[in-house]
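In what follows, chain A forms one complex with chain B and a second complex with chain C.
Right, the complex of A and B next:
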């Protein structure tokens, strides 16, 4: 009886949890059952997401959690100071709707969802402080909105002309300030030893990602792009040592699969490079449509995946200051975020991915409201045309509707790639 | 087999390889005299014969001497000796290109040892701002002009013989190199004439700056070295080259941040294939610090001899499996 009553007066938080669990489980089930032969080691990740998003499991009890609003906050420094970095970028439609009360209707769904999630205060691993790099306008402004909910938000200055030497110097200082701030909050100092260990650990995690990616270059692709998104997405919040362990297993399983020529897609499935606004769990709408339309994502250029792992830290003299400066360089110089004035590096990167992963085409997604990706669309399309690379541009958001229309467009594109391939062979 | 050797080279610990090579070349050039080694006087490095035990001599010495011959003599038969000298210099040079600087020049090596000393004292290096860099990097051409023009002016009689070997008089290597064999006599001002006095005083100041400068700034002197400027004129003919494949470069700047010479192009230029710049000492630290496969490579006769690789990068940066506590 009492159970019944409780259900009747479901609190807003319970409702939010229930809706989010529904969103999450739908995607997880799609991944578990919708495709042929997912690697066994993916079970770890499916379970992790289920635990965290369907059963609200907290992973970092007793740890200081440091929220970050974008990738430009060096997690190496956070780990060195014994904190746990939690990337707050959010992919839930439920949270997007909550966020709509605080931001303009036409704002980016990712920013709205991140704000909505924090507004609800219904967070399992709630951040003790938040660092917000001044990347795009919406993220930049979201900082103060979030502060209004009672969080400790610190803006981290981020420059937008990355070529200039001034920017490099500027961001180095910005990161030095960030480390000092975090260090005083944590009551711990950065040392040669703890920072070097953290750089090495993240470096190792990155090398696992690189190995996983390497497998996707082979003609029999051993893992879905969607599964890879899940793996990299887990890095946002998972316990890093567990993540490393799970990835090691995945690496050895995929190694075997490549030897056995296990292919998760069809024989003629076109190979796709994915770029644009980041797919963040459970908003795998476009990636799922792509892989359900008999194409396979072999590589991506997004900040929720490739960009998080690709670029490395090189240090010449291992003093704390050198390491901090090199970290700042890593998060600025190689970044292909569209907030920068020019985007040549992003274009070069996409082309290089297409070449080295023998892709047949590029799919570029921009969230409606994600101005910077929308703005860069033209120049990227032009550049791809010049390079003779087929590209499809699609706009989407977090809402569960428009599925039909989107899949028609994706299917048509995939079909055209197949025809091209057939002609060529 | 072939690919195994390749991996071995690409994964090498460059810092170690360099350290030992430099030690050997240092001993060879600085103390070779003890073993009666004489490699001639057209060496493309600062192997300074003011140090009595040097195994050869820096080409700037005969060059200044030859150019200072009276104009008539120079334009007559003596011109041949200039050409022969230059060809001998080039003969040496084309083998190693600017790697002479990064691997064989005793003055370069000595600076690296000062760097090591600073490091072991826990002191951080200094850098130039980009503005300073652009201005200072021209000085080596001014010094090269001194090497070439002063003797020529002597030849036509515009300067007197007090100006002979003018560059040597101001060169810090003249003062520093003899110290390697315990000879401190070059730490002195030559009072024989006003010109000599001024030049040797400048030399003393430069030597002082050399020691202090290279302690705080990596390869402080190479920046101003006229030999480096002379190298650059001929560098594209050399057998070994520093190359870049811009399409593989992410412009992450890793190479730039480890470069002792602060060469920004090494990271930012994605169109040149020959990426050797005038300040470069071909130390190859950039290749060792680049995390992208084949983005930077050191070529011998257009064959990749040492390439940047992910694996090599990870080895050199000490990235290894962490000991962490995992659940389960």
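Right, the complex of A and C next:
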């Protein structure tokens, strides 16, 4: 009898889509249901992620999609040339497992997931070309692996010493080359008008992020850190005008919430600055554990969020060449990625965030295999100790296991902060 | 007429199979293990023999298997459930074709067994530590969802949303995850399919440890649950074969081994 029921078997793509949908809906449900009332304007973002990752909705049909492997490719230039930048940094465990067939088992899960995602060819907004900045070793090497899957991959030279004038000139030349390459592929020229418009638009997007961040300084924090990660992650792939519209609504809602003293965390929830390897949807494992442990993330120092929006482009003269150079400077000088030889800027920024957001402690996550963040852990921990700032260092990956052990560690840290606060008062 | 009995005493149920000299299936019976499984095993066997009109003298060889096999002292022989499962599966699937991989989900464990061309066990893997991903886990889930365990399969196919995955590796924590999902009024169907996929993913890991070879056979009580079967097939991307009576394959294997042992002993005498 049992064999009489007709059972259809999923295709490999259907299986991958289901796996990813299951990962996505889990996090979205946690955000929608696991906490005190989220802002109503967050619904736009929850729905966006659900549509894209549970229902494979394509957002940019008919547009040229320009994939970027890291944060250092100026999206202003892509928008100016009428392309859509899509950041390919990936947070799915499903794709991480696929990527393990192409990269060493111990490689960074983010790079493995990005490679796995492209390897599967099962992509809704498939990039027409990919620019790969030579940042960390693994991303640098991933470029040629991805090229092997049949994508048009162009390396963008990125220097590893930030302070020197040589580096500055070097990266300016890289970005000039990048814009020439993209310009010829798009059959469109950069003009004073289109580039200035793109810089202004991204600048406006940045200003919205800044306003959202400012609200988190208040004693009643109107939005979860996890929700903010979702907002900034959406910037990776969303239609920019929709994103701006949704953020404008969020800004006005949060403004009202601050006035009404709506606090999304508990009365004594410690305030946390998150730093380290970037949480990319749906890998919100550690941020979720933090906020489920009765703490609140008030700010972050990551390339998927704060670092993407922090610094504005400073243009001297509004000529095309000057604008391109200013963009290169912004994407190099303001970057606090641990790939750089010296990275005191990052430490300064973390301390500054702790002070200005009245944070009680820092949580630093490094993905197992994300060598640069693992390496920099030591200097950051020392600096925090010197500054009298409590910090917890956690190493983790994309697998759904270990939740129990990790949450015990985070809870203990959060409790220690609570006790410190109590004694202080 | 000579008859042979295979008796499989598992953590949840006692399964008994009787075959004749031609290895034809005469009858089978399943009863709960309960608290006194030695007593229940005897009772079940007696009931079965009464139904089949077979006297105890006609039973010439009995083989016990399963985790309670050592407690059934009257048996002429006892073998591990892995060997018995392999023999039973190969025999049960004779008309279907060659069996190379067996997935067995029992009351409190799950196994993957890899066979060679002759049907010999070449490798096997078992779940370690706990009951997540076993029949008990399904029982607990059904109880939390306030539905019968036999309804799970049907509910699985009625799911319309994304299956809601259960991430806890522990059956006890998984229960609290389910309660949390119910509290947020998610549909029972989406939770059921999520539960099935969680078990399926776990089982697939076991299968991969022994190697996935075509000719996949799935037995044990949970194989009656077509939703779980569907989840395992989707995770594997391959069709699997379910025998007509998935609960009793192992006792069937034990009975066959009994017939073989008896024939061998007779041969030695002459």
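General observations
Note that the second predicted complex is superposed on the first by the 418 of 425 C-alpha atoms of A that agree within 3 Å, B and C clash if a C-alpha of one lies under 4 Å from a C-alpha of the other, contacts with A are read in each partner's own complex, and residues count from 1 in each chain.
Just so we're on the same page, a contact is a pair of C-beta atoms (placed from the backbone, for glycine too) under 8 Å apart; a residue touches a chain by one contact, two chains touch by 3 or more.
What you see is a predicted model, and the numbers here were worked out from it, not measured in a lab.
Once the two complexes are overlaid on the shared chain, A:352 sits against chain B while remaining clear of chain C. Between chain B and chain C, B touches the greater number of residues of chain A. Of the two partner chains, neither chain B nor chain C is touched by A:173.
Look at A:403: by the touch rule set out above, it reaches chain C but stays clear of chain B. By the touch criterion stated above, A:57 is placed in contact with neither chain B nor chain C. Residues common to the contacts of chain A with chain B and with chain C across the two structures: none. Against chain B, the residues of chain A that register as touching in their complex are 163, 165, 168-169, 196-197, 199-201, 203-204, 207, 210, 239-242, 244-245, 310-317, 319, 321-322, 325-326, 329-330, 333-334, 345, 348-349, 351-352, 355.
Chain B meets chain A in the complex at residues 119, 122, 124-125, 129-130, 246-248, 250-255, 257-258, 264, 267-268, 270, 285, 289-291, 310, 313-314, 317-322, 324-328.
Across the interface of their complex, chain A is touched by residues 161-165, 167-169, 173, 181, 184, 186, 194, 197, 223-224, 226, 229-230, 233-235, 237-239, 241-242, 244, 246 of chain C.
Every residue of chain A that touches chain C in the complex is listed here, in rising order: 1-3, 5, 7, 9-12, 14-15, 18, 21-26, 29, 33, 54, 400-401, 403-404.
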